[in-house]
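Take a look at the structures below.
The following pair of complexes shares a single chain, subunit A, combined with subunit B in the former and subunit C in the latter.
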Partner chain A sequence: MRLTGFYALALVAGLLPVLFPGNYFITVVGIAAGLNVILAVGLNLLIGYAGQISLGHAAFFGMGAYASAILTTRYAFPPLLALSAGLISAGLMAWGLARPILRLHGHYLAMATLGFGIIIHVIMVQATGWTGGPDGLTGIPLLVLFGWAVDSDQRWYFVIMATMLLAVWLALNLVDSRIGRALRAVRGSEFGARMMGIDTARAKTQVFVVSALFAAFAGSLFAHQQGFVSPDSFNLSISIDLVIMVVLGGMASTFGAAFGAIALTLLHEGLVVFEDYEMLIHGALLMAVMIFLPQGLFVGLSQGARRGWTLVCRRQ
Partner chain B sequence: MFEQIIQFLATGITVGSTYALVGLGFALIYNASDVVNFAQGEFVMLGAMLAIALLTAGWPLPLAAIAATLLTVLAGLLLERFAIEPSAGAPVVSTIIITIGAAIFLRGVALLLWGKDFHSLPPFSGDAPLRLGGATLLPQSLWVLGMTVLLVGLVHGFLNRTLLGKALLACSFNRAAAQLVGINVKVMLRLAYGLSAGLGALAGILIAPITFSSYEAGIMLGLKGFSAAIVGGIGNPMGAVAGGLLLGVLESLSAGLISSGYKDAIAFLFVLMVLFLRPTGLFGHQVAERV
Partner chain C sequence: MPSDLLLEVVGLSSAYGPVQAIRQADLTVQVGELVAMVGGNGAGKTTLLHTLSGLHPASSGAIRFAGQDITHWQPHRIVAAGICQVPEGRQVFAPLSIADNLKLGAYCQRRDSDWVRQETEHVYALFPILAERRHQLAGSLSGGQQQMLAIGRALLGRPRLLLLDEPSMGLAPLLVEEIFRVIVELNSQGVAILLVEQNARAALAIAQRGYILETGRIIKTAPATDLLADDAVRRAYLGY
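For the complex of A and B:
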């Protein structure tokens, strides 16, 4: 029962390319959506479950991407080793940062994470010797998994979807574990959680590191999939987009975050046709959703559907 | 070397004054509604761009500046009425996203109206630089400084000397209690948004002759204003002013002495350090946490 949604997601991800074979839109947008789902599901653990905000999460995404890009192009690391290095560096960074930063609350925490994201972005732009500066790095080699080269959009679609499902599965299990319950207690009341014997600082550190790892993993995949990285992919508006995905879908729901990620990806794709009006509509939609469905799209709509269903049942 | 430092200080105080005004706007809105308004930078942009547009349409500068400020105040009031009021009591993240949505929306409006080009205002009283010891000062810097002192003084007097201002402060301490003693909290909210929008617009108009303005100009200014308010201890209006000046000077010194590319990183590193050492800002009250 707990994994029904997971199987449904797997079924949709698997069926889409069968129903629309060779469809460019499905594979390319699917890849972007899948990466965003990994990022949003990871960030949701921090924002939705632990109740902590991060406005700088693109930094961890970028650290994964740049670790892969720099190590494979400049030092000829094999992709999987570079990916591991990215995970380790993002994880260590999150671990070191967690205690001082997660001591902060509310808007102070928002400020600190935002500042962290901007600092990392400035380094990406300025440390040209390492990162290639504003132009970024090109020529990132193909991802080769045990002799299987991921060299087409179709193959990438399967790699990303498989990783996405793994991420969702991990998040679902984490949330239902002892750690997950501790996190929810922290969100409810940090003081109360401490009274119940939960080491809140430890719980918050763990979830911060886990969500950074999700982001760094997505970053490494992104670097190989694009073959190119530049600071623009990891700036403040990306960090904000990630938070929007989590909140738009509905906080504290893994499927809500996944839903929000997919919805925002489609929105960005769809709004391109409006050209100069894109920004205006984007802003207006964000405000409208948050004002009218403060619970988020997924939670708000599913509650609405449930209410509608009981109404229908009662009438019969 | 000494002259150079004087020069950096002068530049820093000028830029810092803008941050101070933007930060003051953050603090006022936060006080009245517990919301951090991420569209604050867009008010700055809107003020500058409207003034430029009206000036090019043939209006005299003072009139254009006043009209631009009033229009931005209107935008602030509309934001409060149609986005903030309906979502009263929403969690912090939701209000952050609503105001970010508003910021994107306003940027979209500016993009449609004025395109992606950079625009500039002519200096209010010529651009013959004044010599000050070994440093040079643009007359516009004096305008920025003078107006900032005036505006901060007015806001300070308003908050501490008038009944309306005290009512606004009362809302920030306890909204329910303020309501009970007969303060119309809704009106206070609108007042705070209007005031912040106006302050933002004036900051934008004052700085427009020095830095260029474009539809995206509000992003960084907004972030620096937010940093100023946070460094000063959010909800402390004069703390925000001090935070803004501090940030401006630090930024200008680090751009001059260390690296102009890293100046934003250094400014935010400073903010992080302040938060790590004093989690509620330099002049924030160490409030007991509500459980």
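For the complex of A and C:
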């Protein structure tokens, strides 16, 4: 029952390329959407469940990407080893940052994470010797999984979809665990959570590290998939996009976050035709969603559908 | 008998910035005892409980629990040691189910899942309404039911000392009676209880000993029956 949505997501991800074989849009947009789902589902653990904001999450995404890019191109690391190094460094960074930063609440936490995101972005731009500066790094080798080279959009689509499903499954299980309950308690009332004997500082640190790991993982895949990284993919507007995905889909719901990530990816793709007006329409749509569906698209629409269904049933 | 001493508070002071909320409080609770702490609004009752459970720092003095000095322990260690709190205003986790609230109460008891299962059944037996509605959200409960949930949740922390902060607040007289009946029952099962109340008459009626707290100072302590008969106490707290 709990996993119904998970199976539905797996079915859609698996069926799309079968229903539309060789469709460029499905695979390329699907890859972008899948990466965004991993990022949003991870960030939702922090924002939606634990109630802690992060406006610098693109930094962890970038750390994963740059770790893979730098280690594979400059030091000839095998991709999976570089990916692990990216996970470890992002995890350590999150862990070191969590204690001082997660003492803060509300606006102050937003400011601190914002600052962190900006610092990491500045490093990407300025540490030219390592990162290649504003031009970024090219020539990132193919991802090879146990002798199977991920060398086409179709293959990437399957790799990303598989990891996306893994991320969703992990998040669903985490939320339903002892730690997940502790996080929901922290969001409800940090004081109340401490009264239950929950070490709230530790719980918040753990979730911050987990969400950083999700982001770094997505970053590594992104670097290999693009074959190229530059600071533009990890700037403030990406961090904000990630928060929007979580809020748009509906906080404290893993499927909500996944839905928000897919919706925002499609929106970006769909609005490209409007060129100069893209941002304008984008902003207006977001405002409309927040005004009319304040619980987010996923929760709002599913409640609406349920209400519509009972109306239909009553009429018959 | 000193070996029966469960909680011993010596010269405890606690402050909010420059404002002294608790001044030089001395207090004991014996194993299995039911002690009432009565006092008016703003006397410092809640601050005292928060200081005992580590949620508010003590500025001086010492708190010893079961032979250990816990004065500067973090709240999660204090809960794990066996001091569990039923907070003022219930503070149940409204967006979580009743079952999840109870599981959160057992947060520090994960090593003994058999005990947690038994104790959960015990709580459901104590408050059948919680069993009936276990999958509903805690926010959907009435005030009295939330109080029952808050008590049940604290019981799942396996308390050796249960701190109750104004359990009668905002409840209809019939429910107050029900809650107090449960408090007596828990105490008779061996749980030591420190009951903080504005409803002095009800609290002293069930307690063995009482303390009177006034503007952060403990001004009187005596067996509960003596306090109920004391003229000054009657005038100030019992209203007759």
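The rule is simple: the second predicted complex is superposed on the first by the 313 of 316 C-alpha atoms of A that agree within 3 Å, B and C clash if a C-alpha of one lies under 4 Å from a C-alpha of the other, contacts with A are read in each partner's own complex, and residues count from 1 in each chain.
Throughout what follows, contacts are C-beta pairs under 8 Å (C-beta built on N, C-alpha and C of every residue); 3 or more make two chains touch, one makes a residue touch a chain.
Predicted model only: the values in this text are computed from it and were never measured.
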Combined model on subunit A: subunit C and subunit B, fit or clash: fit
In the overlay, answer first, second, both or neither for which of subunit B and subunit C A:Ala112 touches. first
Comparing subunit B against subunit C, which has contacts with more of the residues in subunit A? B
Included angle at subunit A between vectors to subunit C and subunit B, based on C-alpha centres and rounded to the nearest 10 degrees: 80
Could you say whether A:Ile198 touches subunit B, subunit C, both of them, or neither, answering first, second, both or neither? second
Is A:Arg178 touching anything from subunit B or subunit C once the two structures are fitted on A? First, second, both or neither. second
Please indicate which partner A:Ile140 is in contact with in the superposed arrangement: first for subunit B, second for subunit C, both, or neither. neither
Where does A:Ser189 make contact in the superposed view: on subunit B (first), on subunit C (second), on both, or on neither? both
Shortest CA-CA distance between subunit B and subunit C [superposed frame, angstrom]: 9
Show me the subunit A residues, by the header's touch rule, that subunit B contacts in one structure and subunit C contacts in the other. 189, 191-192
Going by the contact rule at the top, pick out the subunit A residues touching subunit C in the complex. 178, 181-182, 184-185, 188-189, 191-199, 252
In the complex formed with subunit B, which residues of subunit A make contact? 47, 53, 55, 100-101, 103-108, 110-112, 114-116, 118-119, 122-123, 125-126, 189, 191-192, 236, 240, 243-244, 247-248, 251, 276-287, 290-291, 294
Given the complex, residues on subunit B that touch subunit A span 30, 36, 83, 86-87, 90-94, 96-98, 100-109, 111-112, 219, 223, 226-227, 230, 234, 259, 261-262, 264-265, 268-269, 271-272, 275-276, 279-281, 289, 291
So in the complex, which bits of subunit C are touching subunit A? 53, 55, 74-76, 78-80, 84-85, 87, 91, 93-96, 100, 103-105, 107-108, 110, 153, 157
